[in-house]
Amino acid sequence: MVETVTRKRIEILVDKPLAGVPIRAAADVGIAGYSLVPVQSGSGRHGNWRNDRISGAENKVLFLTIASEDKADALVDALAPKLDSHSLLLTVSDVQVVRGERF
Amino acid sequence: MDIVISTLTSPVILFFILGMLAAFARSDLAIPEAIAKGLSLYLMAAIGLKGGVAVSESGFTPELALAAAAGLALSFVIPYFAYVLLTGFGKLDRVNAGAVSAHYGSVSVVTFVTASEIFTGQSMGPAGYMVAVLALMETPAIISGLMLARCGEKRDDNGNGGGLMHEVLLNASVVLLMGSFFIGLIAGPTGFEPIAPLFLVPFTGVLCFFLLDMGLVAARRLVEAKAMTFRLTTLGILFPIVNGTIGTVLGTMIGLDVGSAAALGVLAASASYIAVPAAMRMALPEADPGLYLSMSLGVTFPFNIIFGIPLFAALAQAIG
Amino acid sequence: MDIVISTLTSPVILFFILGMLAAFARSDLAIPEAIAKGLSLYLMAAIGLKGGVAVSESGFTPELALAAAAGLALSFVIPYFAYVLLTGFGKLDRVNAGAVSAHYGSVSVVTFVTASEIFTGQSMGPAGYMVAVLALMETPAIISGLMLARCGEKRDDNGNGGGLMHEVLLNASVVLLMGSFFIGLIAGPTGFEPIAPLFLVPFTGVLCFFLLDMGLVAARRLVEAKAMTFRLTTLGILFPIVNGTIGTVLGTMIGLDVGSAAALGVLAASASYIAVPAAMRMALPEADPGLYLSMSLGVTFPFNIIFGIPLFAALAQAIG
Amino acid sequence: MVETVTRKRIEILVDKPLAGVPIRAAADVGIAGYSLVPVQSGSGRHGNWRNDRISGAENKVLFLTIASEDKADALVDALAPKLDSHSLLLTVSDVQVVRGERF
Amino acid sequence: MVETVTRKRIEILVDKPLAGVPIRAAADVGIAGYSLVPVQSGSGRHGNWRNDRISGAENKVLFLTIASEDKADALVDALAPKLDSHSLLLTVSDVQVVRGERF
Amino acid sequence: MDIVISTLTSPVILFFILGMLAAFARSDLAIPEAIAKGLSLYLMAAIGLKGGVAVSESGFTPELALAAAAGLALSFVIPYFAYVLLTGFGKLDRVNAGAVSAHYGSVSVVTFVTASEIFTGQSMGPAGYMVAVLALMETPAIISGLMLARCGEKRDDNGNGGGLMHEVLLNASVVLLMGSFFIGLIAGPTGFEPIAPLFLVPFTGVLCFFLLDMGLVAARRLVEAKAMTFRLTTLGILFPIVNGTIGTVLGTMIGLDVGSAAALGVLAASASYIAVPAAMRMALPEADPGLYLSMSLGVTFPFNIIFGIPLFAALAQAIG
């Protein structure tokens, strides 16, 4: 059986025009790999939104990265003060990966 | 009066109204996002080309320079005027008022295109160079709005100051408008001929389709608006009336033809809902996007399409 | 015979066959979803406008009222007939039979559009008001189908009863068809002229492109169908023949011209694959979507496009 | 270091026309925030499907919400009887979030 | 309260033209159900990519499947030798599901 | 010289240059993916139809068979020549060299379409059957490239050998090109007439729009290229010059008209960036896609559009 190790999966829901914020923050703490997953619509305290609006200002995207615990902690610390002002939705969970040295 | 009736019974406007009614009735009619974006790129390329071809025939005239200067000035100044009313009567805080004010200084491409169509139908089509004026007016207001929002405050540096200026100056619509304007200028009428079957002939029909979508989007925005107050709705109607009147009068004063003066009025009256919202979301993340999108897209855009365009046409004819 | 050959060698049908062949050969050819949706909105807006303009010229005639009544009746009644065969010969349970039957009472916009194209090529184009009949026939069958599926059963209330009626009456295709019909009616031939280069001139070409996609989708549906039986396939061919014959005869009896009678036959023969599946998925989640989509899209749609259209044309000519 | 708390991440794969079912169920148990993520194709016991079909009746979407354990349990209970009839695929997992009081 | 059991959630980021690799591997170990979620852009050691390129050769997709621990282990073992050559990004995590016998 | 200037000032090329400039300036201008795919399907259907209609008028001639044979031979042989330079001068390993070489044996549809447009504007439009030659040249190179990449090595069996052949022979562009070619052949000029308003009239305009996107994509590719070296860039320019010259000379030798000989040159010079990259990603996952896409899309494609097309036209005229 292949050996696996535990890493962190960080998921951040962010407005498309602000996607640079988590990307830069991740780069600053040494996380170079990430993927952006499209989101189609949603609802929250500020009402509903959906992607087919003319202006892309409210479109959202899911920033997804796998990182070591240290880097994940550093990223959460870096973004914590911006969660409210930039209305980011950030979650962290444990995942098993095969090639742990990559992250 | 004539222009009001002929505006309201033209298919272009009727499709817009159809879209609004469908959204108010909560129908699930929707134009796919990719199609709407594709059509808006088409409209920008088409008017850019048309303007460039026209200028290649007329040459660079003093009116062009005057109209450009007037447009730049309006785009810079309107936010200051709007800001005062937004913080006073509108009761917005500094950041939100700055963000909203930038939208009113900037312009709406589709409002301009619709006005051009309708003015041309009234034999008062605006001059070709007005497309360049349109492109020039997109961005100065962003600078004014940001200065207002941040005045006296230590910059919350997101480390994207340079990124923002870049985004603003090279945003898609400015590049495409100016790019196709120059292509039209280089190609001239003979170079344009082989591509006219795409960029000229079906133009009005495409605009119908696009306005159907705009009607849907604008009305949904209005229905779902949470942040709107009666005072802000009032400003969303007052701004285009005042700005459009100023623009039309200014255009007439600097000697533009009737159609171009009315078009300058329409540009002043219109509010951005593409370039500026994206820039504000980046630069002022604390501002509420629901607010500025509801005002510019939900209130001002429909007002201009249905009432503003004939209004400024009539005004330009009266004083022109 | 003539109409069969000219149908099968027209590019419109050839593109459909190309799509089917490509899918059967498991090629990866595919039209992006957004494009397919955009084209279908275009087709609906275009036929709505054309119908409205035609009625603005001909006025409201008694034939219009008769055709509308006949269409409504067919849409309501066909599901009952289909249900009997589906539960008996087809061996389906009540819920699945009700869901399938609704599809056959309702109509397929693209089948109608293709028939109009081909009939017009044979100088027997249907009357403009048939577009309104098409829109009217979309929804009554949904009510019949639901009543059949739920008869004698306590409603499994999803809390979306009202939502469903709303969805059904204001679904995208009804709103767009009727909306552009009225725009055509208001605008008339002169208002239509500036938008004809988009909505009239390239229409046949767009239909080719769209049928290419329909061929791909229909054949893939057939290839991947898990739920289909020989009996259901038989019904998927029998239904259009019977319903189409009834429709054509009824149309002739109430005095419609040959083209319109054949078009009523095509409408009766056609099965919905957009509005009704979505409504059934909402209202009858227990029913198997693979079943009703395979029958309407995989069997009946290709049958109508290739055989049904010339068949009902020939029938209408013979008895007209 | 910023403090994080554990919340539940609920993921429900649902047919687009039935997306209202988890949305209403979530609202009923007091979960107002959710996002819908597009899904492109898939395969299961009922065969393959993919999004580019003409009819949207079989298109699927991923309903995603972050909620407290209580609300998550209530949502699972509310949806359990519909999992089969509406062919929902529901999973629940633990995630760490920063502003726990939001969920 | 409805009873839930623990299963594995396997997420594999894969190039679209190579999506058949995890699909076949999953089928080989007895996993028939999966979903593909679109991904829009990303960044890693090989630079940036985004979906709107003319050639679809670099587009990526997220392969997502819920499976029992046994099957999940078998899938990870089967794919482990291909992670580098096919540049797959594979993660495994625990999720709770309601109808455990389905997976 | 004339052809160089008229090429560089035609809107088609100017839009391509606009796209490249916008991407170099890192503007966010972008055509939605679905639109770009839809346009490329349109271009393929349109040239397929046009070619088929032309052959339906001219009949099958010996030139057709000769051109087809020449095209097949070029597609098979070019990868061997390219492989030698790629492993030698280019310093690539076997797998990457094999993958890249397949791209140069295969063809780029858009390069061919652009050349046809420009040649037609110079009254030297290629013969209709060249579309069939284009379709034939897409795939043989894939086989050569794979043989080179895997020579002497035990196949790393992904269990998709059959899948690959299938994918390669029935890939979307081959099916659509050949399919619409046959539809044009069957329909002939009269059958084509009703769909010409879509597939013929706006063609040049659509090409402009598409080349705008290609410019954006090619330049972004170049900007972000990590794997490119100076040596590989040199080869990306050398290959089209050498292959295009061979193709033009071969075409002239087998007796093709000037336009068709130049078109054969363009086909030989062009490199695939759709069918082959997808096939290589499947068949040779170890090869670096950044490498082959940067070379074919980032270097060779722009070179051909701006310099290659007028070059081979001039060469064909000189020796023809």
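As written, the chain order gives the labels A, B, C, D, E and F, with residue 1 at the start of each chain.
In this section, contacts are C-beta pairs under 8 Å (C-beta built on N, C-alpha and C of every residue); 3 or more make two chains touch, one makes a residue touch a chain.
Being a predicted model, the structure only gives us computed values, none of them experimental.
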{"item": "Third chains touching both chain E and chain C", "value": "D, F"}
{"item": "Most remote chain, CA-based centroid, reference being chain A", "value": "C"}
{"item": "Centroid comparison with chain F (C-alpha atoms), farthest chain", "value": "D"}
{"item": "Centre-to-centre distance between chain E and chain B (centres being mean Cα positions), rounded to whole Å", "value": "45"}
{"item": "Separation of chain A from chain F, taking each centre as the mean of its C-alpha atoms, in whole Å", "value": "39"}
{"item": "Whole-Å gap separating chain A and chain D, where each centre is the average of the chain's CA atoms", "value": "19"}
{"item": "Chain A and chain B, separation of their C-alpha mean positions in angstrom", "value": "34"}
{"item": "Residues of chain A touching at least two other chains", "value": "37-38, 93-94"}
{"item": "Per-residue overlap in chain F, given as positions that touch at least 2 other chains", "value": "30-35, 201-202"}
{"item": "Which pairs of chains touch, using the document's own definition", "value": "A-B, A-D, A-E, B-C, B-F, C-D, C-F, D-E, E-F"}
{"item": "Touching residues (chain side chain F, partner chain C) in the complex", "value": "32-35, 37-38, 41-42, 45, 49, 166-167, 170-172, 175-176, 179-180, 183, 186-187, 191-192, 194-199, 201-202"}
{"item": "Footprint of chain C on chain D - complex, ascending", "value": "15, 17-18, 20-21, 24, 46-48, 51-58, 82, 85-87"}
{"item": "Residue ranges of chain F touching chain E (in the complex, touch as defined)", "value": "30-33, 36, 40, 158-160, 163, 213-214, 217, 221, 224, 226, 273-274, 277-282, 285-286, 288-290, 293, 297"}
{"item": "Partner chain E, residues of chain A touching it in the complex", "value": "1-2, 4, 7, 9, 23, 32-38, 61, 66, 93-99"}
{"item": "Complex contact set, residues of chain A against chain D", "value": "11, 13, 37-45, 60, 62, 73, 76-77, 80, 83-84, 89-94"}
